[in-house]
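The structures come next, written out as structure tokens.
Next come two complexes, and both contain chain A; in the first it sits with chain B, in the second with chain C.
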Partner chain A sequence: MYLLRLALASLANRRFTALLTAFAIALSVCLLLAVERVRTEARASFASTISGTDLIVGARSGSVNLLLYSVFRIGNATNNIRWDSYEHYAKDPRVKWAIPISLGDSHRGYRVMGTSADYFSHYQFGRRQHLALDQGRAFADDPFEVVLGAEVAEALHYKLGDKLVLAHGVAAISLVKHDDKPFTVVGVLERTGTPVDRTLHISLAGMEAIHIDWHNGVPARGAGRISAEQARAMDLQPTAITAFMLGLNSKIATFSLQREINEYRAEPLLAILPGVALQELWSLMGTAEQALFVVSLFVVLTGLIGMLTAILTSLNERRREMAILRSVGARPWHIAGLLVLEALALALSGIAAGLGLLYACIALAQGYVQANYGLYLPLAWPSAHEWTLLAIILGAALLMGSVPAWRAYRQSLADGLSIHL
Partner chain B sequence: MRRLLLALPFALLPLAVAHAHDDHDHDHDHAHGTLGAHEHGVAKLNAVLDGNVLELALDSPAMNLVGFEHAASSDADKAKVAAARQQLEQPLKLFAIAQAAGCKEEAQDLESPLFGNAPEAGGDAHQHADINARYQLTCATPGKLTQIDLGRLFKTFPQTQKINVQLIGPNGQKGVEATPAKAVVEF
Partner chain C sequence: MSQPLIELHDLVFAWPGQAPLLEIPAFRLEPGEALFLKGPSGSGKTTLLGLLGGVNRPGQGSIRLLGQDLATLGQGARDRFRVDHTGYIFQQFNLLPFLSVRENVELPCRFSKSRAARAAQRHGSIDQAAAQLLAHLGLDDPALLARRADSLSIGQQQRVAAARALIGQPELVIADEPTSALDADTREAFIRLLFDECRDAGASLLFVSHDQSLAPLFDRHLSLAELNRAAKPREA
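Up next, the complex of A and B:
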């Protein structure tokens, strides 16, 4: 105990260097933990984007591609699929529910998705959570109603009853707008932390209606135009959609239905298991994630080597200190213990300060990160994995502290009380 | 110069042809309507556990399991096919399904041109053959069934280097690449 007191007193005597060393360790620890936390949270939020959906079906392309455009709203479909194919499988006795998806339009950089009311009752994310309305209601019979994702409503300041115009295509600035058929905001969804927040949901009929007078990819002019009122009276049954999601009565049927859809003769279709495709996609990004982790490990190593340097360089200045300690009866192992304790104290205070810094940063950045990246960083206690990392850092610091300790041990034996000037 | 450029595709043609022949990855029309992939050394396993029903489906090129893909004619070849078949007929052992789960086999279906029960497509000398095994089991305590160990499968059929596993279990869907070094797949 008196050794520890001595070590602390000695450190206090060199408080500026000691503080800087501890701060370097604190910064590196904070970086390592922040990377770890973002990594695990990104993975968790990634995996919780979709749940409870057994199969996603789209035009035949790649499974990652289909997952990206149907769930993450990234990229575009290579082809559309026929409405008949959707109906064929929606009616299959093994299928419990089916959600059609139609993509391709946007509103100020946010994607628009045409779907059916089943989307609100069957789509699940996270731990089998359902979508919930924060305000208003789901779209009903009128084709020109839109339900906004939480982020869309917040970023663009829309309230219930507002009118908005959708743009053709998915570029942030579109030259072609569906301005003859404005949509009314009837509902805003609760925040989910998934791409749903960044989506505008309209009915398939609405999607059909805004394109009803389009020919060859351009809107009709003059007499060919069909007004919103006329469109309401027309048959707005779509003939093609982009993809559909299926929930099955029994999971056992998943593989056989997947096989059947992939071999469907009427149209080339691709059915994927979203869970498997998610893992495939994550493994693509896994390398970058690993690299980030390795970099932060090296930063910690740098911090610890900084500590080692600081202690080692101080050894020479402290020969007098050691000599005095020896003269009052300290044994060589006391001197060694003193230096190990010093390293321990530096590393411990560095880790504690690093944790403090991490929580301060999380508390400050939490809202911003959630709003901009859809990542929720909880102010939670370190996980078992994080504790292990911290223990390893502490162990490494002790190991490094034993280097100057060993030298001091040898020196104090050799030097004794003689002072070489 | 332009003439040279025009000749380039022809100069490269033999390369492309040679590549096409080397590649064992190309698709073949099997008994089904679409083209299935066929890659030697790689097999596919689909496993789904829902309630107390466990279904397993192993699709593998015959090469991985018996070492050839033609119909067995010699006695040695026939013995190999019979031995492979015998292994495949014991899914509980082959997939090391935990005894505690109390799984019982309900149905089994082994299908392959080599077993003589699937039509051999075409007279192409370059034809590949698959072995498809499907099993349905019921488990008394499915909660005890937490993993499938493919170690024995890799040991019995050493020409299998990789199994692409798709799992559906109580924790959702999962895709895993199993190798002899990492043979245990958890639900």
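Up next, the complex of A and C:
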């Protein structure tokens, strides 16, 4: 016990170096834990991008590709699927609800998605949360109404009643615009932290209407053009969509229905389980995530090496201290113990300060991160995994502390009672 | 005749691979005696103190402290024996700067149960022992006890070091050039205080210094150069 008192007093005497050392450890610990927490939460939030949907069905391609364009609005569908395929499965008795989606247009870099009103009542994300309107209402009968995701509305400063023009294709700068058929903002969704925030939602009828006078991917010219007014009067039932999502009455039916869809004879379809595809996708990104973890481990190692350096350099100027302690009866192992305790005290205070720093950062950044990245960083007590990491850091610090301890042990045996200046 | 406190017999010591540094056929220090040992630097003085402290082991011969042959004790036992029976005062910067004056004085009691027990027995408690010793040495301001050791003047620090050497009544006090950092007036006053305290505690004093002018103050004075046969050829 008295050794601890001596170690702390000696550290306090070198408080500037000691504080810097502990601070370096604190920063590295904070970084490691922050990376760990963001990693865990990112994984959880990634997994909860979509929930409650049992199957996603699209044209036959890869499951990751289908997931990417249908949920993450990344990439493009290889092919459309027929409306009657959708109707076939939407009417299946095992299916509780079905959401058709139609993609391919954009607005200033944000994707436009054509869908039905069911999207707002059945689509779920996170822990089975439903979409909710922040302002206005869902699109109704008029085909030229648009509901904006939270980020779209915020970034482009749209409010209810504003008119906007959609562009053909998904390139950020599109040369072909549907400028003859402007849309009116009727609703803005609440923030979800998912790709929904970056989407403009229109009805399938709207999607059909803006392409009604298009043939082979180019707009009609002159007399062939159909105005918005004319389009409103026409039959806007789509003949093809990009994909659809299914919610089933019973989970048990999922696999058999998936197999059925994959073997559908009328056209080649692919049905995926969102959870499985998300796993697949996450494993692709796992390398980057692990690299981040490894980097932060090395930062911790750097912090500990800083501590080792600080203690080792102090050894020489503390030979007098050691000799005095030896003269009043401290044995060499006392001297070694003193240095191990010193390393332990530095590491412990570094870890404690690191935790404090982490919580301060989370408390400060929580709102911002949630709003901008959809990541909820909980101000929670460290998890078992985090405690394990901290214990490993402490163990490593002890191991490193034994290096100067060993040197001091040898040194105090050699120096004995002679005082070196 | 009583048992000598220190008895060296045919002592030879050499650092590995070097010629013998010390060769002392016989040396005795009686209980209660104050001995001045003149030893210029390089005379093997530090090595001799290391041997007496049980830090180094002699190559040949024996070192007896209170009749106990140090060479027969293990490293740990020698360390314990040293702190139980010997108090040290060094040249200067004797104290741990980051501890208070009181804590510095009490250090030996932290590592030696017998010195803690004797201090408590004689003065009531270790704290009182420290306060009384310091008061005897002229440091009787209670506020001073709580101050950091390095906030004191050199002269005050040496008196704190003396109190630390004396706490718990070790049989032997070894002072290695304790006055070299003091000026002439305080030097003699310090030595007289040290004598008084050693006498009170019944401790022998082995005072090592190169300053011959202090020698007349002591019961007996010796020169390490005379004692040590190994040193002679080098001087010639």
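Here is the rule we use: the second predicted complex is superposed on the first by the 390 of 421 C-alpha atoms of A that agree within 3 Å, B and C clash if a C-alpha of one lies under 4 Å from a C-alpha of the other, contacts with A are read in each partner's own complex, and residues count from 1 in each chain.
The working rule: a residue touches a chain if its C-beta (ideal position, glycine included) is under 8 Å from a C-beta of that chain, and two chains touch if they have at least 3 such contacts.
These numbers were taken from a predicted model, which means no experiment stands behind them.
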Simultaneous placement of chain C and chain B on chain A, clash or fit: fit
Which of chain B and chain C A:Val328 touches, first, second, both or neither: second
Touched partner set for A:Ser227, first chain B, second chain C, both or neither: neither
Arrangement angle, chain B at one end, chain C at the other, chain A at the vertex (C-alpha, nearest 10°): 110
First (chain B), second (chain C), both or neither touched by A:Ser51: first
Chain B versus chain C as contact partner of A:Glu263, first or second or both or neither: first
Contacts of A:Leu273 with chain B and chain C, given as first, second, both or neither: first
First, second, both or neither for A:Ser250, with chain B first and chain C second: first
Per-residue contact with chain A, leading partner among chain C and chain B: C
Partner chain in contact with A:Thr313 - chain B first, chain C second, else both or neither: neither
Lowest inter-chain C-alpha distance for chain C and chain B in the superposed arrangement, angstrom: 52
Common interface positions of chain A, toward chain B and toward chain C: none
Chain B partner contacts - residues on chain A that touch it in the complex: 51, 54, 250-252, 254-255, 262-263, 265, 273-277, 279-280
Residues on chain B engaged by chain A in the complex (per definition of touch): 32-34, 46, 48-51, 53, 55, 57, 166, 168, 172-176
Footprint of chain C on chain A - complex, ascending: 2, 6, 9-10, 12-13, 320-321, 324-332, 334, 416-419
Residues of chain C touching chain A in the complex: 46, 49-50, 53, 55-56, 75-76, 79-80, 82-84, 88, 90-91, 93-99, 107-108, 110-112, 164
